[in-house]
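Two complexes follow with subunit A in common, the first pairing it with subunit B and the second with subunit C.
For the complex of A and B:
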């Protein structure tokens, strides 16, 4: 339940690349998402002024994501909805994949660390782009002696962001594994209820929180 | 360590390994005491959130999303404890430190 299966090791340019369960699950989920996106793209041609059928669903999803980003970052930065929609859908489908018997990719620290690092890059890229000189001045405020503290707090951001998602999902999957190893009488209805809590509820909440915290951090760095 | 080397040799490595594993399990249990803090903090945040919704039911959406954000931040210390406990239980870093 806590071990990651390794299916093979590829040697390329003198480096070892381990094909783990996480990579396989991630690629399966990516294939599903790409197929859905492709089908939605084909539907785009049939869109009309008066929405009906699939168009309703697509518009609802895209509009609610747009509103979510606008409420957190403001009208001016609504273009972040494109990036955060991808992140949101990927994390959500990863967390929910535990229901189908996969090992959730987000229960591997590599996945969450990558997601948090992309947020980290985005925070500082947008900070330098929008604040220019005062971005670097922010590190020696309020007094220059605070410089090490400010740098540590910047490094702590992606660490806490990734550990939060990782710890929640891994903790849930370990508890589920323990419940499934109980005697048969305990496996009748209890795992269903626990799946609703650990996979559906915690998975959705952690997705929203990861995206919301990323947006809040980027907004803080951009200023105004 | 040097003074005790003769007494340490009286035990075989398997016994020492079992001892370290047992201590790691106790340490993992102790690390999960960190769960008290987020429990209190999240309960406090949820209570205040319920109070705020009771006072201003029309601001429910904003209150709930702010509360969830606060809960998530309060939760991170508990998650750090959980990560330490998981490392102690499954990665066993201390077993490699046994040298006879």
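For the complex of A and C:
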């Protein structure tokens, strides 16, 4: 019922690569986002000093994202907004895609794992870059015997990040699938309310949580 | 590709080699999406916003500077005006005191002149009086000598004598009025 279908198999260097439902949905969502971005970009040429209409919306979105990143990471690291803007928009539209009848790409662990992995890499890359020696020292603090614990907690970070998002969205889509398999009488109005909760509410909340936590973890490792 | 075979591959979650491939796929997709969104939308809009912010800040700064200049200029003009006022007052005061001084001088000059004229007139009068007195004296002497000569010249009775005296007196009066 909630399985990820495999639409095709291609071979690259003799390696079997599945073209899954997730991949295809991702492409569709990417295409939608890129088209929207392109249209917004066309609007940018018509931008005036006195914002109005669509310009207000575009400015609001970009400025909110910028302020979001700056409030979590500080002005100095606002360049992370370039990455997190994309991630935020992608997770958000993935979570909301359930409304359009897609199987949300974020309900595939490969997607959330890839996002959490990128956060994990950023955390430790920035940690080593900014803290240098004291980054490694952090693993034996407060006492050296804590080393295994510290390593486990570092590994737990991306796992908890990815499973939180994955579980929430998958759980939502499973429940929605169950509701849709109920007799017709139960499919009046009830799915609408549940969609609002599982797709819109949980989807938006999980997006914010994922991006916010990612930024907080990276900021923690940067130190200052 | 056999549809049934593909159907058999459907999964919810698995941790095999295919998972790693899917993960890389998604990583690639996300990276591409982030790159395109950043290049296409995020950076240009942010640049636009930053430019506008800077422009507005510049305009505000410019307006502030202009206002400051205007205020400075105003203060300068006000100072100049007050200076002019002060100068005017000084000039007026000066003129007034000078006028008063001149007036005083004129008055005192006039007084002095009047005094001089008056003195001179008095002196004239005195001199005239002296002259008149001298004249009268001369006349009296003349008349006396005349009278004496007459007394001597004629033998006189009392009546004649009285008549002569009356005549002399009458003459004297005439002489006095003449001088």
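Following the convention adopted for this analysis, the second predicted complex is superposed on the first by the 224 of 224 C-alpha atoms of A that agree within 3 Å, B and C clash if a C-alpha of one lies under 4 Å from a C-alpha of the other, contacts with A are read in each partner's own complex, and residues count from 1 in each chain.
The rule is short, and it goes like this: a contact is a pair of C-beta atoms (placed from the backbone, for glycine too) under 8 Å apart; a residue touches a chain by one contact, two chains touch by 3 or more.
Model, not experiment: these values are computed from the prediction.
Novice: Based on the superposition on subunit A, does the combination of subunit B and subunit C result in a clash or a fit?
Specialist: Once subunit A is superposed (C-alpha atoms), there is room for both subunit B and subunit C without a clash.
Novice: Applying the touch criterion given at the start, work out whether A:128 contacts subunit B, subunit C, both or neither, answering first, second, both or neither.
Specialist: neither
Novice: Tell me which touches more residues of subunit A here: subunit C or subunit B.
Specialist: Looking at subunit A, the partner in contact with more of its residues is C.
Novice: Given the touch rule stated above, what does A:205 touch, subunit B (first), subunit C (second), both, or neither?
Specialist: first
Novice: Please indicate which partner A:149 is in contact with in the superposed arrangement: first for subunit B, second for subunit C, both, or neither.
Specialist: After superposing on A, A:149 lies clear of both subunit B and subunit C.
Novice: Once chain A of both complexes is superposed, is A:213 in touch with subunit B (first), subunit C (second), both, or neither?
Specialist: After superposition on chain A, A:213 lies in contact with subunit B alone.
Novice: Once the structures are superposed on A, label A:171 by its partner contacts, choosing first (subunit B), second (subunit C), both or neither.
Specialist: So A:171 only meets subunit B here.
Novice: Once the two complexes are overlaid, how big is the angle at subunit A between subunit B and subunit C (Cα centres, nearest 10°)?
Specialist: About 130 degrees between subunit B and subunit C, seen from subunit A.
Novice: Should A:30 be classified as contacting the first partner (subunit B), the second (subunit C), both, or neither?
Specialist: In the superposition, A:30 touches subunit C alone.
Novice: So in the superposed three-chain picture, is A:163 touching just subunit B, just subunit C, both, or none of them (first/second/both/neither)?
Specialist: first
Novice: Once both complexes sit on top of each other, what is the least C-alpha distance from subunit B to subunit C, rounded to whole angstrom?
Specialist: Result, nearest C-alpha distance in the overlay: 7 Å.
Novice: Based on the A-chain superposition described above, do subunit B and subunit C contact any of the same residues on subunit A, and if so which?
Specialist: Shared contact residues on subunit A: 2, 170.
Novice: What residues on subunit C touch subunit A, complex-wise?
Specialist: So the residues of subunit C in touch with subunit A come to 1, 6-7, 9-13, 18-19, 21-27, 29-30, 32-38, 40-46, 48-49, 52, 55.
Novice: Where on subunit A does subunit C make contact in their complex?
Specialist: Residue positions touching the partner: 2-9, 15-18, 20, 22-23, 26-27, 30, 33-34, 37-38, 40-41, 44, 47, 49, 58-59, 62-63, 65-66, 81-83, 85-87, 89-90, 105, 108-111, 113-115, 117-118, 170.
Novice: Which of the residues in subunit A come into contact with subunit B in the complex?
Specialist: Listed in rising order, the residues are 2, 160, 163-164, 166-168, 170-171, 174, 205, 208-209, 212-213, 216.
Novice: How about subunit B: which of its residues touch subunit A in the complex?
Specialist: Per the touch definition, subunit B meets subunit A at residues 65, 68-69, 72-73, 75-76, 79-80, 82-83, 86, 90.
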